[in-house]
Structures are given as structure tokens and as C-alpha cells.
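Letters A, B, C, D and E mark the chains as written, and numbering starts fresh at 1 in each.
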């Protein structure tokens, strides 16, 4: 059996690398993005092979799914808003291509040599995590790391997400609210059919995270898909009056996470040091709120611009009430 | 190998054949509509066969239900996506003609 | 001499702060607040003179003022009021007061007065700092400050010519400053200290690393030579005379060239020590360089028609007397050098202010246009004449005293050629100054069309040069009185020569 | 040959492809894609490092790190894409 | 509550950012209050560090290597003080520059982004874990890009996109380096790095991380993104980006090379050589720049180069001392460059453009801003008694003592060039020509001139406090053996 697995691994590895190369070299951008999505899914598959189902889920949902949607949306924008004097991409001379490929190859060889020389298979944090699991409040190690041992990193990761949505709103401020393309009845029907299912799956992923692969990020990404469907099917249209609620939703996860981290110091503990008896509750609370924030934020990142009342108005006078 | 496993293996292999056929179709067919045809038909069937085969091997009834659900949603999604792609291609062709 | 502790240890700092703190206040004053500005200027200048008088008294009693503040581990910002410093501070304090009076009159209606007086104060503060610097590091700080403060003054007129002059000035002085930084670093690395100590700090190094010490000397003197206008680093000085008259006066008499000369003095006496410098064989080349500069400056001065340019080349020549006196390595010559630091300042400031008056009052800027100006502006031209005669070395005026001591010192040091040099230089001085006096007093100026009936200058402008001219007379005539510059220099030299 | 070696080299190759792409690509979208490849490549290396021979469970810490990296990357991608969209609109205005 | 200052330093700006985002109308008030609170937290931390040497908090009660600890020593606190001090003054300056209805919306975004940026930077200065550093530099990157494009002009957006690419790539190189570190030693905290045996994987990790950081800190020739990004942002954003943001990556570089020493003398020399390249190339570009802000941005490239020369000034043996010179230059540049960008922005606002050639072709003379610019230039040129001078002095002293005259020479050439390009600007300020600017002079100055003035005076005045600063930086042995 081992031999067949090795063949599988090799095939998968070659496919992953080939897809990466293809997505860089295909002339058509749409094809490149599609190739990239396939690349992401195969990478996720490889990560499952490496016994990392959580990461594979996250990569498939966020790294490939949401990212792919974002890329396609941008491609759509770039292709529909046509430029008259768009600069033609210069043809790349063969010599340059060969040089690039050679550089790429050398880099790979160098890094791979260093990689091959390094010890693999530990020791890492295995024992430390195993020792600490019993007082972490959850049963699933990855969740324990994310929300307890290295919760500070995770908090900052949510902060990055928050920074992104603020930056995106900032960048696209005052842009006219171009209507999403009409996708027809088939699509609407599909959206209605799948929406409840996705909500169930997302919530399930969140819930299962404390004991099995899954958690806030994967759940959030799946729930964000709900947002994407709603936006694309125009079942939900963001309005200026929703901005206040949106802002609250964006900061909800970060705020709750940080607040809990600080509030636990009340009992003479360190920040992030959850009292053991409430650890599970607190972690679930944080995860729940973070999931909501992630879902809303990812959907907002997809939507892009901040919903403003009258887009044609000058930036200064457009600052209407947010309530 | 039990007979069940044998049947399951055969179903999965047959599914794989459909996948390959679909892939060849995508690569070889001349325009987008034909390619979509190859893709959705072959993949829908292929996935169904694979799901059936895996379902035979599944340990619990719960898993079987989940596999069935996966198959159902994939088929619905791929049908919708194909529809959208076809629509888009049609619109673009119309736009280019005018 | 007994060492007493200071009853008011911060006195040197206060002297520094009088002008340093005046500067931001002057910057902030609106252009129209002329009276207030004049009040602050004169008040601060007078206060400084008073403080300096007090300080001099204390120092003459043997009180030691030494303030230090650690900037980096082992490296101190250090102010000390030794007799040598007093000499320079006294000069700058008195001349600041006088020049301020003059500037107020000169710039009565000019633009950017807030800026002018602000930088003017800063410039004086830098000079005071240079005087009191207790080590080369502190010296460097004020030396650079001086550059920065004088640059806006040089280009004060804002014309293209002024900007060009400013650029040249800046390039020369900042490169000089950078080389001085290099030298200071070198000293720090070689000797482990940058302190000014009578007798020098490089005695040990000079034995072990003779070449390094010699190189250091070249670097330091070269850097300081830029401001001291030693040939071949003198070119900026005649160009910088596009500055307004009070600035030129201050630049030539106290601030910039003197800072360079003073620095050379500190380096030779208190970084290397006169003995070490002699051992390293460095004094003779320095004397030779000074001699060349003296002759070169004088020769160039003869051919200049622009009054201020002629005066500028004269400065090139005269300031090198100081360097020469230092380089002769004789206590008597040193007395002459130090006295000349003061005397040249008084003489040259008189002449520049007088030249400014000629330009302001009569529009006369060329030597060839000076015909008959003596009758039109008798007070100013009397002062000018007195200073010119003193420069030439006519007894009993100030210039004579310093030249006399230099000559004596040359004999003492066995350098008879210096006598010839001094005589030659005096002759050249006469060649370029006497024609000016001749034109002013003995030619009839009625044929020059632009000469107006009455010059339009008031006492603010006429007073200062007359005052300084009187000082030239006084310090020369009463050279041996207590607290005269000459007496004080003897005091200083007794310390520097470790007697 | 064990999976960790295979996928480790795969990850490194993917990273290198992305790196070269990010440097040389002319299309703005393609450069975003290239950076995303780099991120996946780095993820590969961390996951491979966490892998232990089958009976042992892998080290969960690198897994958590990669999840963090994925979320960070989607945020960065979203901002870069928003910049691209806005810039494209403005440039289209210029052309008109 | 048993709150500790370390946590507060990171969390205060974070909560401030969220509050400012949720309540956009009160953003300015919230922002200033947050700055005050953060400043107080930093002051508290400073007193603790002063008393105890180094303080640390293991977050979640988990000790490294499993958990993440925050740790502050003299160097961290110095960077925090720089960040909050400069940040507070720039914030005050920003209040004025966002006045007017046209800019009201900018203000809503400026505050949350800036406070998130502050969170990220403070986090970097307290971090002891390399993966945590990766996350922090991403927080910084996104917030910084948001600030870069705040003005919304095409040039700013284009520059911002380039900056974004460079930033992400730098961070990902760093991340791959983290991967190699984990591969080799199985842990990620600084303490683990110290004991690591030299190996190919560790060298690779170091190389990847260093290249990533150099890209983010814009050391020549990886500086390509910096000038246009810094020159095209709005003035307060430029001040923050140039004065503070590039320092975060520099700081990580300093820390990292302490715990993972560069394996070869040649690499130290190479870093120095790149610094020399930055000084020379940046100097040439600054001499050729046509716009004031572009000139200032190129001067940042030069200064970054100078800091790396300071790092390499005495080779590997001298590294333990050289970082002090580098740290002094970092502090000096932070204050001076923020002052310079703010005053350049003020000048641009007052006279309506920032073309160097035509600086005098206007009746308006923003004298106070020009004066501030000149003061900042004094520190950047390195004239005494500014902090820049002290930094340069330490640089050259160390290089001389070690006999590395080439670093002295490069520094001197760089200094001369800086005199050259700054005096181009000065001449424009001081020149006046009745033909070019015929109307009576108007001395435009406003309250907004004060923050940059304070910063510039600080950059100069702190030179006098260099000795206490140095002894403070050494608290807790940031570059000794124990992290």
C-alpha cells in the first residue's frame, strides 16, 4: 500500500506544481484564476494527506473559496470597466523567461537542499501541547492552540481582518454602487435552496471545532459564503443605514476577544488566562462572536465599497448619519 | 476482499472513467458549450458512481446520508454554475455581435 | 595662584544663554515690533557685557569655572572659563553690543529683521560657546552652530549673488566642519579624550604614533584653517562680503575668522601642546603657511577696487598674524598673537562699519569713488583712518603693539625672517590703505556725480565705528594698564606655556 | 520517500514560483496570485514540519499558524484587490 | 484588575481603533484620548523597566515556547516612547490637516487605521516570538497601506499598491523563514533561537527573514517602493510611515541578528555595503528630486542606509556596540523625519505646491514651517548637537576605532550630499526676489506648525540627552545574552 500512496503523493505534488506554473504563465487571466482555484483545492488535499484537516478546510474555504471569489470579482470589474488606452502587456522575451525559470529552479534547489538537511518529524510542541491539553478547556489541539495557547496571535489575526475591511472601505470610499450582475432565476433558486444548508454547515463547523477539525475560521468562511450568495442573488442589498450595524459586526469578534482577554485578569490572572472551569464557555463564546465577525467581514471584503447614500455626491458632503 | 468491496471498487473505477472522459472532453471540444456539456454530464455521473461506491463502504448510516447530501449539493451547484457560465458566454457572444 | 571654587558656578552658562535665549524670542517677534526688538537686543548685549566683566574679575582672582555634562559615555559637553576664553568672550561681548547698535541703524527699514537679529544672536552665542568650549567636542558643536547661524546672515539680501556667495560659504565651512569632525573623532580615538589641557593631551601618542599625530595636526589645522581663511582655504571670505555691513563686520572681526584662529590656538596649545607640536616638527610649516597667507592676502588686497573686497583680503592677511604668533612657539610671540586677536578685531570692525556707512550714506562702494568722502562724512572717515593707520602699525595704535610683540617673539624664537616679513607686510598694508586715505581726505570729490549734499546717516551708524576707533587708540596707548588686552594675554600665555 | 519530503519540496517549489511571479509579472492581478502562491508554499513547509510518521499525531501548533497565515493572506489579498479595482476605475476615467 | 502595562500598551490602541471605527463622528476625540492613554501606559512601562531592568508577561499564563510572552527592555521602551511620542504629535498635527468638510471623511478612516498601526508597532516592540512578529508586521502592513492611499490620488494608489506587494512579499519571506526555524529547532520564541546550533536550515531561515525585513525597511536596492509611497501620502501619513513604520522592520532586524548572529563577517560587510549604496544612490536621487516631499522621501532611503552602516560599522566583533549607534540613529531619524514631513506638508498647504524650484515664487512665507524644516534638516544632516549628530558620531567613532575607514568615508560623503540637497530647499526658503514674488510678505503660520516644531526641537535637543538615552536603552540587556 505504501508504494501506491507514494505514487499518489508524487502525482499530487506534480499536479500542484504544474498548476502553480500554469496559473503564472497562462495568458488569459480568467483561466489563471480558475487554475489557481484548482491548485488551492489540490493543495488542501495534500494537506489532508499530511494529517492537517483543519488547515485543509481553512485553505479550501478561505484561501481558495473566498480568495477565488475576490479574484473573480476584481477580474469582472477590471474587464467591465474598460480602458480605452489600456497599455498592452509587453511580450516577454524568451531569454527572460528562461532566466526566470532558471532563477526559480535555483531558488527551489537551494531551499530544498536546506530543507532536506534539516531534521524532520520533530521535536516540536507535541509534548508541550499534549501536557497542556487537559487544562485548555477544549479537546481539539488545533483549537486549543488557536484560542488558548497562542490566543494572542489569533487575536491579532482578527485584527488584521479588521484592518483589511477598514482599508478596503477607505480605498473604495465614494465609489458608485455598481449593481451586481443579474444572474437569473436559476441562480436565485439555487441560492434559496442552498442558503439554509450552508448556515447549518457553518454552524456545525464552528461547534465541532472544540473537539474535531473545524472552528471559527472555517465556520466563518462557510457562513461568509451565505453573505456572498445573498449579495450575488440580490436577496440582500447593503444600504447606507446598515453601516452602523456593519461596523459593530466587524469589531464584534475582535472586541469580544480582547475584552475577554483583559477581563480575565480580574481574578489575578494573566491576560488570556481563562479560568479553567469557564474555559470552554469562554472559548465557545469568543469563537461564536469571532465567527460572526469573520463571516460578515469576508462578505464585506467581497462587496468592497462602503454603502453610501448618494454616490455622486462629493466626498465631504456624503457623510450622512450612520444609524 | 468481500464482494461488497469488489462492487464498490468497480463502481469507483467506473466513476473515474467518466471523470477522465469528461476531462478529455473539456480539453478536446471546440467551444465552451460543448465543453460544459462534457463536463457536467460526465462529472455528474462520475461523482454519482464514486459516491455510490464509497457509500457502500461507509461505516455508518449517518455517513451514507452525508455522502448523499454531498453528491446532491455538488450536482446542484455544478448545474447552476454551468448554467451561469453558459449564460455569460451567450451574453458575451451577443454583445460582441452587436 | 590659588584655586577658588566659584560662588556662582553657572555664570558661563548664563553668559551663553543671554544670546542663545534671546534668539528664539527675536525670531518670534513680529516684523513691526521694532522698538521691542531693539530693546531686547541692546538689553541682552549690555547684560552680557556686565556678566563678562564679572566673570573676568572672578577669573583674574583665580576662580575656576568648569561646567560639564555627559553627552555620550566618556564624552562631555564642557564649558570652561579659562583666561584664554575670557579674552575671546570679552571681545565678542563688547563688539556684539557695538555691532547691535550699528545693525539697528543699518537695517532700520530693511526686510526680515526678525530673522536677521535672531540669527545674529545665535551667531554670537556660537562665538561665546567656541570661546568657552572645554574640549574639542564642545568646540565642534559651537563651530557648526556658527556655520549655520552665519549662513542666513550671509545670504540675507536674498539676491542671486548673495545666494551664490552663501552656497560657496556653506560648502567651504561645512566641509571644514566635517573635516573637523573627523579630526575630533581621530583625537578621541587616539587620545581617549578631547579635553583642552594646557600642555596638550597628545604627548604620549606623539611618541608612539608620530605619523598619526602629525596627520591629526594637519587635519585639525586644515579644518580650522577654512574659517581662519588660511591660504588655500581663503576663497570664501572675499566672496562672502556681499553680506550686509554689520554681518561682514562681525564675520571679520569676531565671529568666523576669529573662531578659526582661536581654534588653531586651542589645538596648538591645548590639544598638542606647544612642545609636542615642536617635537613633531609641525610649528615651522604652520609658520610658513601663515607667512604665505600674510603676503598673499596683502598682495591681493592692493588690486581690489571694491572697498569691502579690499578689506576682506586685508583680513586674510591680518588674521594670519595670529597663526604666525602661535606657530613661532615663543611666549613673547604668543603675547603678540593673542593681543592681535583683540586688536585686529577692533580695527577691522571699525573699517567695515565705516565702509558700510560710506555705502549707505554716499553710495560709495569702490575705492575709486572715495574721492572727498572725508569731508562728507568726517566722523566715519576719521575712525576709518585711525583703524587703517593702526593696521599699518603706526605707534601707539593697537596694531603696533601686536606687531611689536610678534617681532620680539620672532627674535626670541630665532626666526629673523619674520621681521622682514612683518616689515614687508606693513609696507603692503600701507600700499593699499594709504591711497584710500589719500582719496578720502586730499582729493576733491565734487566731480563724482552721485555724491549727495548731506549723507543720510544718523548716530546709530556713525557712533559705533567712532567708538571702536577710540578703543583702538586706547588699547594701544594704555597697553600696559591692568585688564588691558595685552596684560590679559600675558596672563594667558603664562598658563599656556606652563610657567 | 515519505510524504513530508515530497510535499516539502513541492511547497518550496510553489514558493519559488510565486516569488518569481511576484517579481516579474506585469499584470496586477497576476502578482496578487503570485503572492498567494508564496503563502501556500510557506504553508506547505510549516505543515510538513508538523507532520509525524503515521502512528503519531502531527504537531498542532504549526497547523494553527498556517490557519492564521491563511486568514492574514485573505485580508491582504482583499486590500490589494480593492486597490487594483480603484486604480483601474481611476485610470479608466483618465483614458476617457 | 491586575492589569500590566505591557498588555495595556498593545490593547489600548486596539480598543481605541475599534471605538474610533464604530463611532466615526467622535473618531478624533477617541483617537486623542487613546493616544493619551497609550502614552500613559508607555510611561508606566518605562518606570517599571527603569526599576526592574526587563519586565515580561506570559500571555494566558503559558510560558514560551508553548505560549507567547510579552517582554519589554530598554530598547523596546525606547522604541515605544518614540512611537507614541511621535505618534501623539503627528496626531495633533493631523487634527489640523483634516480640517474642513472635504476632509471630514478622511478623518474617519485616518484614526482607526493609525491606531491599528500603533497596535501593530507596539506589538512588534514587545514581541518575543517570531511568528507573532509575522502577524504583527501584517497588521502594520495593512494599516500602513491604508494610510498611504488616504489621499486617494492616482499616484498615491499606484504607490500604495507597489507598497502592498513589497510588504506582503516581505512578510511571506519572513514566514517561510519562520517555517525553517520551526523545522530545525521546533520552537519559535527568541530564547529558542539563542541556543540553536548553526545549521543550513537556520542560515536559510535567517537569510529569508533578513531579506524580507530589508524589503520592508527599504534598504537599497529593495527601496524601490518607498519614495513614491512616502512622497504621495498625506503629510501626517507620510510622517508616520517614514518616521515610524520602517523602523519596525529595522527593529526586528536588530533583534533577530542578536539572537541569530550573521554567520559570516562578509555578510555584515555586505549589509554595510548595501547601506552605503542607499546613502549614495538616495543622495543622488534627492539631489535630483523636483518635489519637496520626494526629496524628503529619498532622504529616508539615505537614512535607512546610514542606520545599516552603523550596524556594520565595526564588523562582527563590534556588533555588540554597533547596535547602540544604530538605535540612536533610529530614534533621531524617527523624530526628525516626522517633523520634516509634517513641515513639508504645511509648506505645501500654505503655498499650494511643493516644487523646489518655485518655493520662493510666492508671497506667502510659512516661516515657522520652514524653520522647522531647517531644524529637522540639521538633525538629519547630523550637525551638532542633534541626536542625529550623536548617532553619526558613534557610527564614525566605532568605524575609526576598528580601522574601517571606508564606512567613515561613505558617511562623510553622505553628509556632504545631504548638505547639498537640503540646502537646495533652504535656499528656496531664504531667497526673495521682488520680481518673482511681488506682493508684500505674508507669514503664514498656524497652530499646526507646533507639533512638527516640537518634534524637530526634540530631535535636536535629545542629542543633549544621549547619555541617559543610551543607558536606558541598555536596561535589561537587549543585546546581551539573556532575552
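Of note:
By definition in this document, a residue touches a chain if its C-beta (ideal position, glycine included) is under 8 Å from a C-beta of that chain, and two chains touch if they have at least 3 such contacts.
Note that the structure is predicted; figures quoted are calculated from it, not measured.
Grouping the chains by touch while chain E is set aside gives A, B, D | C. Common neighbours of chain C and chain E (chains touching each): not present.
Within the contact network of the assembly, the step distance from chain B to chain D comes to 2.
With centres computed from Cα atoms alone, the innermost chain of the structure is E. Just count the C-beta contacts per chain pair and the biggest one is A-D. In whole angstrom, the spacing between the mean C-alpha positions of chain B and chain E is 55.
Look at where the CA atoms of chain A average out and do the same for chain C: the two points lie 73 Å apart.
One inter-chain figure worth recording: chain D and chain E are separated by 28 Å, centre to centre, where each centre is the mean of the chain's CA atoms. Here the CA centre of chain A is 12 Å from the CA centre of chain D.
Residue numbers of chain E whose C-beta contacts span two or more other chains: 66, 131, 135, 138, 142, 145-146, 149, 157, 176, 180, 182-183, 186. Among the residues of chain A, those touching two or more other chains are numbered 111, 115, 120, 122, 124-125, 129, 149-150, 153, 157, 160, 163-164, 167, 171. For chain C, residues touching at least two other chains: there are none. Of all possible chain pairings, those that touch are A-B, A-D, A-E, C-E, D-E.
On the chain D side of its complex with chain E, the touching residues are 15, 18-19, 22, 28, 31, 35, 38-39, 41-42, 45-46, 49, 59, 61-62, 65, 68-69, 72-73, 75-76, 79-80, 83-84, 86-87, 90-91, 94.
Listed in rising order, the residues of chain E touching chain D in the complex are 66, 131, 134-135, 138, 141-142, 145-146, 149, 154, 157-158, 160-161, 164-165, 167-169, 171-173, 175-176, 178-180, 182-183, 186.
Residues of chain B that touch chain A in their complex: 69, 73, 76-77, 80, 83-84, 87.
Note for the complex: chain A touches chain E at residues 110-111, 113-115, 117-120, 122-125, 128-129, 132, 148-153, 156-157, 159-160, 162-164, 166-167, 169-171, 173-174, 244, 247-248, 250-251, 254-255, 258, 261-262, 265-266, 268-274, 314-319, 322. On chain D, the positions that touch chain A within their shared complex are 1, 3-10, 12-21, 24-27, 29-30, 32-34, 36-37, 39-40, 43-45, 47-53, 56-68, 70-79, 81-86, 88-89, 91-92, 95-96.
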